[in-house]
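Notes follow the structure.
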Amino acid sequence: MPFQIQVELIYQVLQPSTVLLSLHALSTPNQQLIQETFSVNEGVRCEIFPLEIGQNRYVRVATGDQEELKLVYEVEVETHPDSQRIRDIRDVPVGHLPRVALPYLFPSRYCESDRLYRLAGQLFGKIDHPLAQAQAISDWIFQNVSYVPGISNASTGACETLVERAGVCRDFAHLGIALCRALSIPARYFTGYACGMKPQDFHACFEVCVGGDWFVFDPTRLAAPNGLVRIASGRDAADASLATIFGAMNLTSMKVSCESSDFQPLHREDLQGRAVNLEP
Amino acid sequence: MPFQIQVELIYQVLQPSTVLLSLHALSTPNQQLIQETFSVNEGVRCEIFPLEIGQNRYVRVATGDQEELKLVYEVEVETHPDSQRIRDIRDVPVGHLPRVALPYLFPSRYCESDRLYRLAGQLFGKIDHPLAQAQAISDWIFQNVSYVPGISNASTGACETLVERAGVCRDFAHLGIALCRALSIPARYFTGYACGMKPQDFHACFEVCVGGDWFVFDPTRLAAPNGLVRIASGRDAADASLATIFGAMNLTSMKVSCESSDFQPLHREDLQGRAVNLEP
Amino acid sequence: MPFQIQVELIYQVLQPSTVLLSLHALSTPNQQLIQETFSVNEGVRCEIFPLEIGQNRYVRVATGDQEELKLVYEVEVETHPDSQRIRDIRDVPVGHLPRVALPYLFPSRYCESDRLYRLAGQLFGKIDHPLAQAQAISDWIFQNVSYVPGISNASTGACETLVERAGVCRDFAHLGIALCRALSIPARYFTGYACGMKPQDFHACFEVCVGGDWFVFDPTRLAAPNGLVRIASGRDAADASLATIFGAMNLTSMKVSCESSDFQPLHREDLQGRAVNLEP
Amino acid sequence: MPFQIQVELIYQVLQPSTVLLSLHALSTPNQQLIQETFSVNEGVRCEIFPLEIGQNRYVRVATGDQEELKLVYEVEVETHPDSQRIRDIRDVPVGHLPRVALPYLFPSRYCESDRLYRLAGQLFGKIDHPLAQAQAISDWIFQNVSYVPGISNASTGACETLVERAGVCRDFAHLGIALCRALSIPARYFTGYACGMKPQDFHACFEVCVGGDWFVFDPTRLAAPNGLVRIASGRDAADASLATIFGAMNLTSMKVSCESSDFQPLHREDLQGRAVNLEP
């Protein structure tokens, strides 16, 4: 059941610029890259550095004097998502969390969890299992926040989304992360591709760490959790921006597709009382 | 010229709690720990885990049922700060920055650099060297922001400090970091001890990465740069909080001292055109 | 059932200052001032101007060179609050609102109703009468926001209170006003004295205009509605601040009392399905 | 030198709605309406109420079931702006301000002057005349804030503009007002028509009250002060919105023009040391 992913990005380059790109699928034990190609338009004198920051691969491209930057990325990926019964996953107190999870307890640029202790406690504090809390948070966001493109921007954080009650996948994920962290559940931002999502686009959701594993939640309900292909993990979108531009470039065209010939999406009713983890 | 550091913290414990502490001095090539002791009060059943997140050492203490937590930390540290002529340090374009510096270009919880591109460009964009920019930013903060304890709190970020024009060392550092990142200069938060600072307290300032080295700036001008002993580095105070409490504890007493018998503070006039780096 | 009100304020005057005070009880058809005295300390060369802004009385005091300003205000007031059955009050569409109510539809400094349309609609949009909506908003605030002195400050607005879920009477009132306005219900800020409130202090709550009358709601539930004595009405606390200081003065002592020998407080159970209006 | 003003607004009406319009020119001693017509499309069953809130005229239109609302407003106006030498205008301390000016000292929705005391004092506190301060504020905004349509929205206030350093005429005016109030100078929002402004549009700027008169400043420098025709004054845009819609309507077309056959714009060099007041 491999996923076929194709991305084409075209930028108008207004001045010689450097761009950090985060669009390569990660290679992990549960996410195998079968075949991968990445190209930039011929004229561009570019340097490519595959980077490792935390778990992410970055590519750094310097445009030189070219007026257009065209990036084409294609990859075939196989994933092995798993699901576990929430009640079977042992809750670990903060004092025993794995060390790698600790940074994901702290507030970050778009996830101001330090301001949300009271609210998170009121709404979700009585639920007795952190994965049930994360599920309730994801459901609450779906029910209380409207998916409205164009209402948020690159500065929008979780508290603003909480007030405005509208946003896109990025905002939904930030709010989910902030509420989880406010309950002392480590939570991180997930960006990736989503098989079968309509319309096709990059997607964002969030993962929480319970009992040593990371489980994924999508408060937009736009993507099936078993159709996700990870590009990056991070504290929030500041860590996992598709493109960080130093200079001046405009995105003039973007095509994304993630398909599979035999994909069977997991639905919510398939997952009662269970949570999906993408990596073992 | 070793520094003698002594810390005593006493917390009232309102319920069994876990606390992540960040008060141990780092051990680095340029900062040697000659002798170090750390103790908690006898009655406390505690677990201590020295942790490594990024460059920081954390201690995790579980209070159990004790009603008081008393922490005593003593260390003797030798540092070897260096200073370089700003004009001798080669500026490296973003495309050639060392990979470890890249995360420090992104906005973080208290350093909303994504909102400050215009302002930073207006005020400091014409200065032609990133270390001269960082120095100008540090000077501007000193001249335009008042040091006023009590006016900011744990939620205060750089944009709020920019508007309110008042804060403490933490706020000064956050504003410095945010303005540097807005100019594409990697900048990180520094917490530590400061020899001879009055009154004695934990201190915060910021470092920028230029030409592969990190240089320190203190916009409060309260500490001499050669009297700094590093506890932690991070994106901002969210990464390097003295104590992150899970549970309920109140700090009831804090004593901090950092002294040296023969310390010769570097003054601003000693540093014209030079910048101090704490590590090679 | 007259109320006996006594106020004594003492300020330390750091430089010659002017202060606008709003502590005089209003004189209205339903609120009669039986006896009133106001004095400032003898040495102070002051000018007193009773002012009329909207419905409020201001006093303007210039301290001159005195180092202390002592204000004593005493008044005996009789009020005639009324209550009406909510279902008997005819809802008037925005197109027929009285003109004086229109400014109270707009957002103001501490009541950012323009950001709360979605949230207010979600939580209270299906309730079919504006007074039932106002009652539900007041109840929701009582249930979801904690009364915590010291957590908010003079800059705190309704959106911040909505996120932080804590504040004092001023914050509760601002949030109530903002949510009502977001539903197109004119809402204004009420400041006054509250008979029998513990501890004795100035109080704030809010009024909404439905069917041409103003009805009062107190989301803190600290005061009985029939024990309220109005000082001022306004869009929010910016209009009805106890003291607006131009210069430099510190409040060093404040005593407030509002008592009545035979006051029978109205309780919530006395008011099922009814709303209280303080003026006819 | 009468101004010919023509406005045509067309709204798509999505559901029966009420709209409060503020587009009629005011009639004042210094601004005479020579001829005025206002019409709505025939099919619309509408009620029109000329309203007076503070100094403004509102029109309230109820669309009924019509699917389109077309408003045409035409007016011929004669104004008599005056200019005075700043040094001839006596500064009046807060203790002697006219009562009508006092509300314009307080913070409002988009003018959070309560947060700007330090900054305003730093930048403009040493200038010794309030009109010279207002002029310096207007100049500072012009020099430090970029005119960028689309970057701000209906929630944007002065503090955000101060951070982002970009906005439109409304944002420029809000920042000017907030900075003046932070210096205890009464300041109000002005909306109106601007003869010869390119492109033709509604315009906003601000006025300050000194010595009993109101003087106008335009930090965008887009309009000549003697070409302004007042629609409304208010604390900020919340008081003087072109259209406040209760229901659901989209503006689909807007045409505005303000012309004069013999208009001689006042330039900045004509106004050295002078300030323009629109009303006596």
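Per-chain numbering from 1; labels A, B, C and D assigned in written order.
What we mean here is this: a residue touches a chain if its C-beta (ideal position, glycine included) is under 8 Å from a C-beta of that chain, and two chains touch if they have at least 3 such contacts.
Every value quoted in this text rests on a predicted model; they were computed, and no experiment measured them.
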{"item": "Chains in simultaneous contact with subunit A and subunit D", "value": "B, C"}
{"item": "Rigid-body rotation angle, subunit D and subunit C, from Cα fit (steps of 5°)", "value": "180"}
{"item": "Intercentroid distance (Cα basis), subunit D paired with subunit C, Å", "value": "30"}
{"item": "Centre-of-Cα separation between subunit C and subunit B, whole angstrom", "value": "44"}
{"item": "CA centroid of subunit A to CA centroid of subunit C, Å", "value": "46"}
{"item": "Interface hub residues of subunit B, defined as touching at least two other chains", "value": "115"}
{"item": "Chains touching one another, given as label pairs in label order", "value": "A-B, A-C, B-D, C-D"}
{"item": "Interfacial residue positions of subunit B with respect to subunit A in the complex", "value": "18, 20, 47, 49, 51-54, 58, 60, 62, 93-95, 99, 102-103, 105-109, 111-112, 114-115, 154-155, 184, 238-239, 241, 244, 246"}
{"item": "For the subunit A and subunit C complex, residues of the former touching the latter", "value": "115-116, 118-119, 122, 144, 146, 159, 162-166"}
